[in-house]
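Okay, handing you the structure first.
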Amino acid sequence: MSTHTLKLTSHLRSVALAVVAVPLLFVAIAALQARIDVLSAPVTQDKEELLLRSASLLKKLSLGYDPLLADIYWTRAVQYYGTRLQNRSGSFELLAPLLNIAATLDPKLLIVYQFGGIFLSDHPPGGAGRPDLAVELVKRGITANPNEWRLYYDLGFIYYTRLKDYQKASQAFLEGSETPAAPIWMKVMAARVAENGESLETSRFIWAELYDSTKDESVRKTALEHVQGLDAEIALKRLNQVSELYWKKFGRFPTSMQELRSAGLVQGDLKDPAGYPYAMGPHGIPQLDTHSSVKIESNQRKP
Amino acid sequence: MTNPAIEIQGLTKDYPVGFWRKRMCRSLDYLTLRVEEGETFGFLGPNGAGKTTTMKLLMGLIFPTAGTARVRGRSIEDVRMHREIGYMPEQPYFYDYLTARELLEYFARFFGYSAVERRERVTRFLELVGLTTASDVQLRKFSKGMLQRVGIAQAILHDPQVVFLDEPMSGLDPVGRREVRDIILNLKRQGRTVFFSTHILSDAEMLCDRVGVLVGGKLRGVGAPEELVSMEVLGMEILFEVRAGSAPPTSMAERATHTGNRYRVEVAEADLYSALEELRSCEARILSLAPLRPSLEDYFLKLVGREQAMQPPTEVSLV
Amino acid sequence: MSTMPAVVAVNTFREAVRDRVLYNLIIFALMMIGGAILVGEISIGVHQMVIVNLGLSAISIFGIIMAIFIGVGLVHKEMEKRTLYSLLAKPIRRWEFLVGKFAGLLLTLLVNTALMTLGLTGALYYVSRTFQRSDVAILVAVYFILLELALITALALFFSCFSSPMLSTLYTLGIYVAGVFAPDIKGVSEYTQSPAMAAGARFVYYLLPNFHNFNVIAAAAHGETIPFTLIWHNTLYAALYVILILVAASAVFSGRNLK
């Protein structure tokens, strides 16, 4: 006979009950939780953050686990942005406070500044449309990390892309170029921006640099969109120049891309970054295909 | 045939020992025992023999490796059995923030008495164990002897048919022990079954209808004290006193022990009358004359000694 | 049969009441609430919010401390001190004992929370001299705190059945903290790239008791009404989870050999 049998029926009964009831209860509890999540979304969503807008109070309460809490708030900021973006609700009121809290808790969390720089300044529905808050945030980052060239870059980005303040942008690039480990092109950028102001090539360079260097998915996504858009714009600009050559040669505007090809002015299949062929619009102005997913910022029309 | 009060069948308990808890140590080995209604049964044995283990198994505090037990026809697994039994643990320990009265009232609540009856019972039993004056003192201030009395009171206040007492005399002064003896005798008179463990053999001899001797987890002898101990008379013991200045008879002088003028000598039964004649001739005063019989203690020691000489502590290997 | 847990519960309550530490905790909590009055004399509106926030947080924190402090000893102490020997010899089943201990501690927490809530209402009245309809939200928040405490008590009791007080405290506290960050765990499951991680995080999210559900302190501070369906759902959640834990505890305890 085994020396370890517990033949006590009351114990076996309790164990049997547990084996049956516990999984069932867990299933019921999970279902309830799902319902609660749905029900409590309006109640708890924003309000919980309001109390802790005071970042310094939060820092004191965090009992020294600041970087951990910073990570949590950073994650929440990303989630907040993501859900708002999906819901297309348009307002990103809490984005700046969340990012600021994360920055207060861990001033060396560089991604916070970059993320804020891009998405706070971007106009709705992609962002909060508050370039002023973005500038403020990035400047905080620079104060805390004066030798991070990347932050000056982020600042210059905001001035160049959103605020169209080319002088301040150039200034930022210049300052950044003077930090150790700054890439050489920053000085070049500073000069070029100061001279020419906005240009498609510079813009493309800025967005491409962002795409190459960032680790954040959202940033990458938007950078890629912009790079593709700018590539398309640059291509369209060149095609427009070709169109004018055609006019000079044949006395009329071309009506299709095929005509340009037949005239030997362009070669090969010309497709935009999304893979759609460029089309010829009225008055010989090249356009994107109507189905194309590429977005361009401005419509450069020539009379 | 009536149900025995207590029926134990093959009750066994193994404990895992050793750092990895792989080896098993058998503390109770197939105990089989039967106690009839109204019997007072003494459970004897040296320390560590398994007496407390047996009680804890019967109370459902620990669970058997094998075997069964029934009290008044109900399995020990049946919670209703606990209505009819009382239990006093060895070295009882109670909620020290309660007073004696509060503790007894608390326990009384488990038996469904009305408030009036509860209060009356508690007062009565406090008086029975001599704790009336201390009834409103917190138990944390009680001495060991006082706790022992509370222990008995809580065991019997619901008038159980079968009472289990684990070392009820331990820690008590002679007065206390006398009182406990009286309580047990009273329970006996009321027709209740009393099952108590002790290693004070004179108490067992005096109180018990039957005793069982447990050594090393095994039951080594069961029966009425006088059955276990042979009736054989080993001799006669004479206590006498010589007159001041006299000496005892020469035949006894070497064998006798004495303090002052009082002597004690053992003689063979056949030589009794000649010895008395010798004492008469030297005008000694006879103080007492008693037959020498083996006592329960001798039986006990014999059992224990033999047992312990025979085998090392039982270890059961894990199959 | 059904009165056994109640008998044990009343005695457990009595034990807690006679424990001096409890009084210190209550006094401390009341002091905190009183101190909240001094904090931030900006304007009546904000003042009220601060008092409610601090007050409810104090009630929650001290309630949790009490629940864990007493809870982890509920069963363990009785096993160590062997008071359980004479108790289990009475006609009481082991699960009835567990339920009684749970109910007794819950009753204690209820009384203490009620006292502290009285203190809070007193502080609020002192500041604003009126009662408003929005104050009902505070009572709802206190109710949610009680639900939270019930869960924590059950957890502490469960661990008390087989673990020392120190370890039980660690386990209970650990589960509580994890439960507070439940939405972040859910967030991981939604934003992570790896499907294995997402599934794992979701599993953990539903498994852990979600203490975040019960935190409506901010809403109460703004005097918002909490929908009745939410109150009902959360009550059910807490009840089911408590039952689950007690069933598990019973399974563990009913087979336990007392030393």
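Points worth noting:
When the chains are written out, they are named A, B and C in that same order, and each has its own residue count from 1.
Definition applied: contacts are C-beta pairs under 8 Å (C-beta built on N, C-alpha and C of every residue); 3 or more make two chains touch, one makes a residue touch a chain.
Please read these numbers as outputs of a predicted model, since none were measured by experiment.
More inter-chain C-beta contacts link the pair A-C than the other of A-C and A-B.
Chain C has its Cα centroid nearest to the centroid of all protein Cα atoms in the structure.
Inter-chain centre distance (chain B to chain C, centres taken as mean C-alpha positions): 49 Å. Between the CA-based centres of chain A and chain C the separation comes to 42 Å, rounded to the whole angstrom. Here the CA centre of chain A is 85 Å from the CA centre of chain B.
Of all residues in chain C, those touching 2 or more other chains are 93, 255, listed in ascending order. Contacts with at least two other chains are made by residues 6, 8, 10-11 of chain A.
Shown for chain B are the residues that touch two or more other chains, namely 63, 79. Those residues of chain A that touch chain C in the complex are listed here as 6, 8, 10-11, 14-15, 17-19, 21-22, 25-26, 28-30, 32-33, 35-37, 39-40, 43-44, 47-48, 50-51, 72, 75-76, 78-79, 82. Per the touch definition, chain B reaches chain C in the complex via residues 56, 59-63, 79-80, 82-83, 85-89, 91-95, 97-98, 106-107, 109-112, 151, 154-155. For chain B in complex with chain A, the residues that touch the partner chain are 14, 24, 63-66, 77, 79, 316, 318-319. Chain A makes touch with chain B in their complex at residues 1-11. The part of chain C that touches chain A in the complex is made up of residues 53, 93-95, 181, 184, 186-188, 190-191, 205-207, 210, 212-213, 215-216, 218-219, 221-222, 224, 226-227, 229-230, 233-234, 236-237, 240-241, 243-244, 247-248, 250-251, 254-255.
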